[in-house]
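The letters A, B, C and D name the chains in turn, as written, and every chain counts its residues from 1.
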Amino acid sequence: MDYITLIQLLDSTVRLATPLLLACLAGLFSERAGVFDIGLEGKMLAAAFFSAAVASLTGSVWLGLAAGIASSLALSAVHGLASITFRGNQLISGVAINFLAAGMTVLIAQDWFAQGGRTPSLFGGARFEPITLPFAEAVADVPFIGPFYEELISGHSILVYAAFLAVPLTWWILFRTRFGLRLRAVGENPAAVDTAGVSVVGLRYAAVAIAGLLCGVAGAYLSTALQAGFVKDMSAGRGFIALAALIFAKWRPWYALWATLLFGLFGALETRPDVIQSVIGIKVQGQLLGALPYLMTVVILAGFVGKAIPPRAGGEPYVKER
Amino acid sequence: EPALIFDLGGKFDKSFNEAAFNGATRWAEETGGKFAEIEMQSEAQREQALRRFAESGANPIITMGFAMADPLSTVAPDYPDTKFAVVDVNWLDLPNVRQVSFAEHEGSYLVGVMAAMASESNTVGFVGGMDVPLIRHFGCGYAQGVMATNPDAKVIANMTGTTPAAWNDPVKGSEITKAQINQGADVVYAAAGGTGVGVLQTAADEGILSIGVDSNQNHLHPGKVLTSMLKRVDVAVYDAMMAGEDLEVGEVVTLGLAEEGVGVAMDEHNADLVTEEMKAAVDEARQKIIDGEIKVVSYYENDSCPALDF
Amino acid sequence: MDVMPKWAEVILVPLISLLLAALLSALVILAIGEDPIAAVTLMVKGALGSTYGWGYTLYYATNFIFTGLAVAVAFHARLFNIGGEGQAMLGGLGVAIAALYIPWPHWTLALIGCGVMAGLLGAIWAAIPGWLQAKRGSHVVITTIMFNFIAAALLNYVLVNVMRPPGSMDPASARFPEAVHLPTLHELLAPLGIAFSKSAPANVSLLVATAACIVVWLLIWRTRLGYEIRAYGHSQPAAKYAGISPVRITMVTMIISGALAGLMAINNVMGESERLVLNATEGAGFIGIAVALMGRSHPVGVFFAALLFGFLYQGGAELALWTSIPRELIVVIQALVILFTGALDNMVRMPLERLFLMFRRPGPLPIPLTASPNPAPAAPSRRARNEPLYPLRKRV
Amino acid sequence: MTDTAPATGTAPAIELKGISKAFGPVQANKDISIRVMPGTIHGIIGENGAGKSTLMSILYGFYKADAGEIFISGKKTEIPDSQAAISAGIGMVFQHFKLVENFTVLENIILGAEDGRLLKPSLSKARKTLISLSEDYGLNVDPDALVQDIGVGMQQRLEILKALYRQADILILDEPTGVLTPAEADQLFRILGRLRSEGKTIILITHKLREIMEITDTVSVMRRGKMTATVKTAETSPPELAELMVGRKVLLRVNKKPATPGDVILDVKGLRVVDDKGVERLRGIDLQIRAGEVLGLAGVAGNGQSELLEVLGGYADGTGSVTLNGTPLDLSGKKSDGQSRRARGVAHVPEDRQREGLIMDFQAWENNVFGYHHDDRFNSGLLMDHAAIRADAEDKMERFDVRPPDPTLAAKNFSGGNQQKIVLAREIERNPDLLLIGQPTRGVDIGAIEFIHEQIIALRDQGKAILLVSVELEEILALSDRIAVMFDGQIMGERAADQTDEKELGLLMAGITDTENEHSVAEVEANLARAGGDASKEV
């Protein structure tokens, strides 16, 4: 495998990892606050649809992004209502949200566009275009560093940069701010937060809302940056992979970055059987290739990652009086 | 009143089922008739839909996809007075069923010829949806066309996945396309349902040519889709509905190039892309296939492909 | 003790929740320009109005009972088995192998043989994640998700490259021989003089599923193993104190769970399609999660939740047949049912509890919690049993 | 109600009027009124479940009262949440600490009381304040330690510091000494005295009458949700308080005959245990227990007592030799689990009944066979014999006077004392050769303590061997025939119970073996801090 192939592979990794990363961070905020969220998939899907739909209707991708985030936030509100206010089962709520998004997106799409649950193709200002960073063209020919900068670092949509910036930001918020301290505390011991005079409900809603925001961006990225429109079920299980990455990352922001990049890399490798062949020397059979990312995950999980301890109050509603 | 049963992909899959839907719609518009329809949601519904329509007196009942063969073989004998048509099936022996199959490998061969001629890098791509024999069948014909035209060419083939999600993952389709471009492909043929949307989009974005499938997809990205491999499911459905109660059953119809059941799409959207030589080559290949001078090997013959390794 | 009488908890709350879900669904149907009353009538008639409808409803319900039980059993040990889908796929493979390669003399033997194979392969597919969890600490949620994908790839390989009859376009196994044909409800009930639709796929597996409910109930609430599973699920330190081995419980629970999911194959693969198709499980493994959650991990709850989903599936199919309502509507209705009966149930319960409490003025603490003036109180113990005054609601 | 104001004219620091609170059908507090004068320590006693914690939680804004008014320094104050309580100068140390386990001490201090949106300034300010507070009050804590790694004593100091950091004038402590060693308790009381002298008002809930007599100015007694009496401490006596509390006369001393030890039942030689972090927890333990005697194991929490119980109970591995009735016990491998130990006649009342001894969500009758569920008596064929188990449970609950005697009640719905009785009944009634028993009366009210102590002595008198672990020196002294003291994974010394006293044991607990000589307080405290510092396993 030559250098440029490696760069291409990593480039693909970055694109595939971005929606996972955003969804993973979304789950991180929510679960760190003690609210499990298996509805990442549904929120992402809803956002993918609404951002594409509104972008297509208005011609503005930014309005689309806003609509995508709004729809994801609305589902977050449902999740909050069920699991925070009414202390319902967080897993059931998440399952319901996934179903709701899968059904509603197609229903509405069909109602609005009558294109079989699809939005019209987006073009021009209705899409996020790749951004060429300064000097990218200029340094392209510099050996080694040139392709690295031009191919890998430059040339992504703004949402990719936003996703990667979200990692240090998340870390900073969680570990360097008052809000983060309280948010982590409420996921570990809500009673401690309550008796310290801080609203458990308020914090959890805030966390769930942030999760909605990030899922919204992830969905918008799928349909308006990676793609030029919505196709039904286009989240294709990425929310679940993000969830796996979150556990993999042991609920930590930087680990989340590495975990999602790893999943991204596996995905990228799957599209490059030639690379795998050149590395291991034999042609990988088709279906095995498809299973490879998942097999690798299991192997890594079993071999190198120890026990992951979730936030202690995770999944449990905060009940003071029975 | 005729009834139409779509396969799992749903009637708006932008290819196979949608073509059937278009044919039925055309019939409805022209005749003012109405037809019943259902989109399959689960395997158990296949038999159910057949029976329910048969019992309600629908005739003929047109069903889509090879997966209907098995349910049909149990249901059709129970309703001898009902006429059935099934698309993509040719191995049943039932007196009241009309079986229509297409020579997709022949059509794919032709687009392969065009791809090979349009390619400057001598590398072309194929993106399949879910890894099933039918898709390999498409890819196999395509690869034969490519190799026959340019023996030095390279065909890169990828499948999107092994679950039904593979039909609706444009993001992955897009990534596969980029990977193929990175390996030098400058024409890619998508036979992947909703995933194909991503393939065509990315090809257009990255400035390479793409080839659509089943329906005419040239208009999706005018000037960027080289052609589409047409599979005239719409015609088959339209004809069956037109025939109505007089539908001829008990026979197996194979629609190939000769019958214009499959072909390449030429229209104003790709006129600039198709050179005279290309046209000539395609016409010549078509004729030779019809005449039997060229034999395009079907993947089904011995579950393998002479031109491509899956 | 509960604030509400048991009937209110068991019947009233779910009923009101269902009504709320129905109301919202009706609004959605209205919004897409259809007639909700007609739609509901069609669903109910289509799913419950004939033996034919029942036959399909029960067929789907059978699938969901198996996968629902699978998830429920694991839940009791606080293991979240999301791998029902993959385990059911493997179960299908087991059925196909047993049915195709062993000449069965009679369907009863075939049912046992194929069932064992299905359970075995499903169990293996769950045992690996179980082992990884017990020994390596790999979170069972991730590994079972991964194993779903791996199962899909494996099944695809087997069907496309191995089991598919040569030259067949269909990525499916050959049809099973006539001897392994399972009697449908029609065939089972005919000798009893009960007419049942001939064409519905519900079959003898329904009885197996019902039996599985009973067996699981016995297992969880009547056997030592079930006792240990529940104890382990409630408190791992306590389980350790009692000498309950975490490794053993994790493994055994996952094996039982996987076997139940795998067993689903006797219904859809052996009973219905009578061959193994690629898409055989079609999401029943995931529906099983919803079913288990809604059934509160209790076999009786699972049974009824499975029936509800069976109804939605079959009613939805009828809607799809006779109206132009998109099939996604059914998905939305399912979502609303899950949401209201499963996650927002407290929205109904809380006001109801307040209502019931209004009719029952709280009294003083009637039972001293420690020693009382008269140290040999035989009488209060009886009284206490009849009118307990302590919050007793079981939380799941 | 007696007016206990030291100086007439000053408004009470706290006045509650007509407080009522129901949890669903349970009336936890009924029309409670109470006044606490500033600068005093006010004790509250009452049986388990009398409603003490509930009342204080209402004052702290954790629960909302159904009826009643709260006056702070004479002013009517609404306390809808804890924020309001904190603003009103109230601080509370809950019975079950409200700490975030994987946060540092400092983070726990500032949680909810941060200045500004960023943590850094808050943390450095808190560090400074913490250091000065620690110095002022002798509340020694390590600001950077994780809460999960510090002992309960330090956790409690942290809770007090939290209140002081928020400048509380009124401090509520709910059963603060339940988890403390006598030395730690003494230290706590010194601090409380100090706070009182500074004019702060303190409410102290406790089950220990000795503490009430020692430190409070006034004391209120609660019973079944009502306030039954408030008296000046100086004008009452422990027997009177006990009677007010329980409603009958309570024996405050254990009556026991001298022991008549028989054969050696348990013989431990060179027992070592290494925990999963690689720390050696037991460093060569030798001890013997004979039939018909109680060996008390004293020590500051976290010095290896828990590990000893765990190894003997069969759920931790160790090396060395342990024989029971002359036959070796397996210490690692297949035959060392709770089940095999029980089969060998070892019964075990674990230190933490809620975490280990009971499944809190199981009903009482199910808990009645926990660990013994494989017993033939409770099974018929493949299935468990529920009728037999239930009958057995009813029988035990009656004999152990478990209230309410309802076997279908979930364990979590019994008070601590009654939970403990359920565990005791299960373990004792198995007629074991050896009973391991940890913290038998932690958090249990005096009525129940009396009962539990009687049961332990009765078992001894039946000729059983008993290993008693307790952080209550008083309890150890009252029940044991011989006392061994543990320090840092080793046994510091062994004394006959009637030939030693708290002072000598206290020195041994601090790792000082030459108990004849005088030792400075500083020396003892330094040693204690060392022992307490790595007390991470306890509770």
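To be clear about the criterion, contacts are C-beta pairs under 8 Å (C-beta built on N, C-alpha and C of every residue); 3 or more make two chains touch, one makes a residue touch a chain.
Remember, predicted model here, so these are calculated numbers, not experimental data.
Q: So which chains count as neighbours of both chain A and chain B?
A: Correct list: C.
Q: Name the chain whose C-alpha centroid is most distant from the C-alpha centroid of chain B.
A: Most distant chain from chain B: D.
Q: Just the number, please: Cα centre separation of chain C and chain D in whole Å.
A: Here the centre of chain D sits 44 Å away from the centre of chain C.
Q: Quick one: report the Å distance separating chain A from chain D, using the average Cα coordinate of each chain.
A: Chain centroid spacing, chain A to chain D, equals 46 Å.
Q: Measuring from the mean C-alpha position of chain B to the mean C-alpha position of chain C, what distance in angstrom results?
A: Chain centroid spacing, chain B to chain C, equals 38 Å.
Q: Roughly how many whole angstrom separate the Cα centroids of chain B and chain D?
A: A distance of 75 Å separates the two centres.
Q: If I count partner chains per residue in chain D, which residues reach a count of at least 2?
A: 23-24
Q: Residues of chain B that touch two or more other chains: which are they?
A: Within chain B, the residues that touch at least two other chains are 10, 131, 161-162.
Q: Where in chain C do residues touch two or more other chains at once?
A: Residues 149, 152-153, 156-157, 160, 326, 330, 391 of chain C each touch two or more of the other chains.
Q: Pairwise, which chains touch?
A: Between chains, contact exists in these pairs: A-B, A-C, A-D, B-C, C-D.
Q: Along chain A, where are the residues that touch chain D in the complex?
A: 175-182, 184-185, 188-189, 191-199, 312, 320-322
Q: Give every residue of chain D touching chain C within the complex, in rising order.
A: Chain D reaches chain C through residues 22-28, 30, 47-51, 224-226, 246-248, 313-315, 337-342, 348, 350, 352, 355-362, 366, 370-371, 373-374, 379, 382-384, 386, 398, 401, 403-406, 408-410, 413-415, 417-418, 445, 447-448, 450-451.
Q: What part of chain C is in contact with chain A in the complex they form?
A: 28, 31-32, 80, 132, 136-139, 141-143, 145-147, 149-150, 152-154, 156-157, 160-161, 286, 289-290, 293-294, 326, 328-336, 338-339, 342-347, 350, 391, 393
Q: Mind pulling up the chain B residues that touch chain C in the complex?
A: 8, 10, 36-39, 41-45, 47-49, 51-53, 66-67, 69-70, 75, 78, 88-89, 91, 130-134, 137, 161-164, 300-303
Q: For a test of understanding, state which residues of chain C touch chain B in their complex under the given definition.
A: It is residues 56, 59-60, 149, 152-153, 155-157, 160, 164, 166-172, 175, 199, 201, 268, 272-273, 275, 277-280, 282, 313, 316-317, 320-322, 324, 326-327, 330 of chain C that touch chain B.
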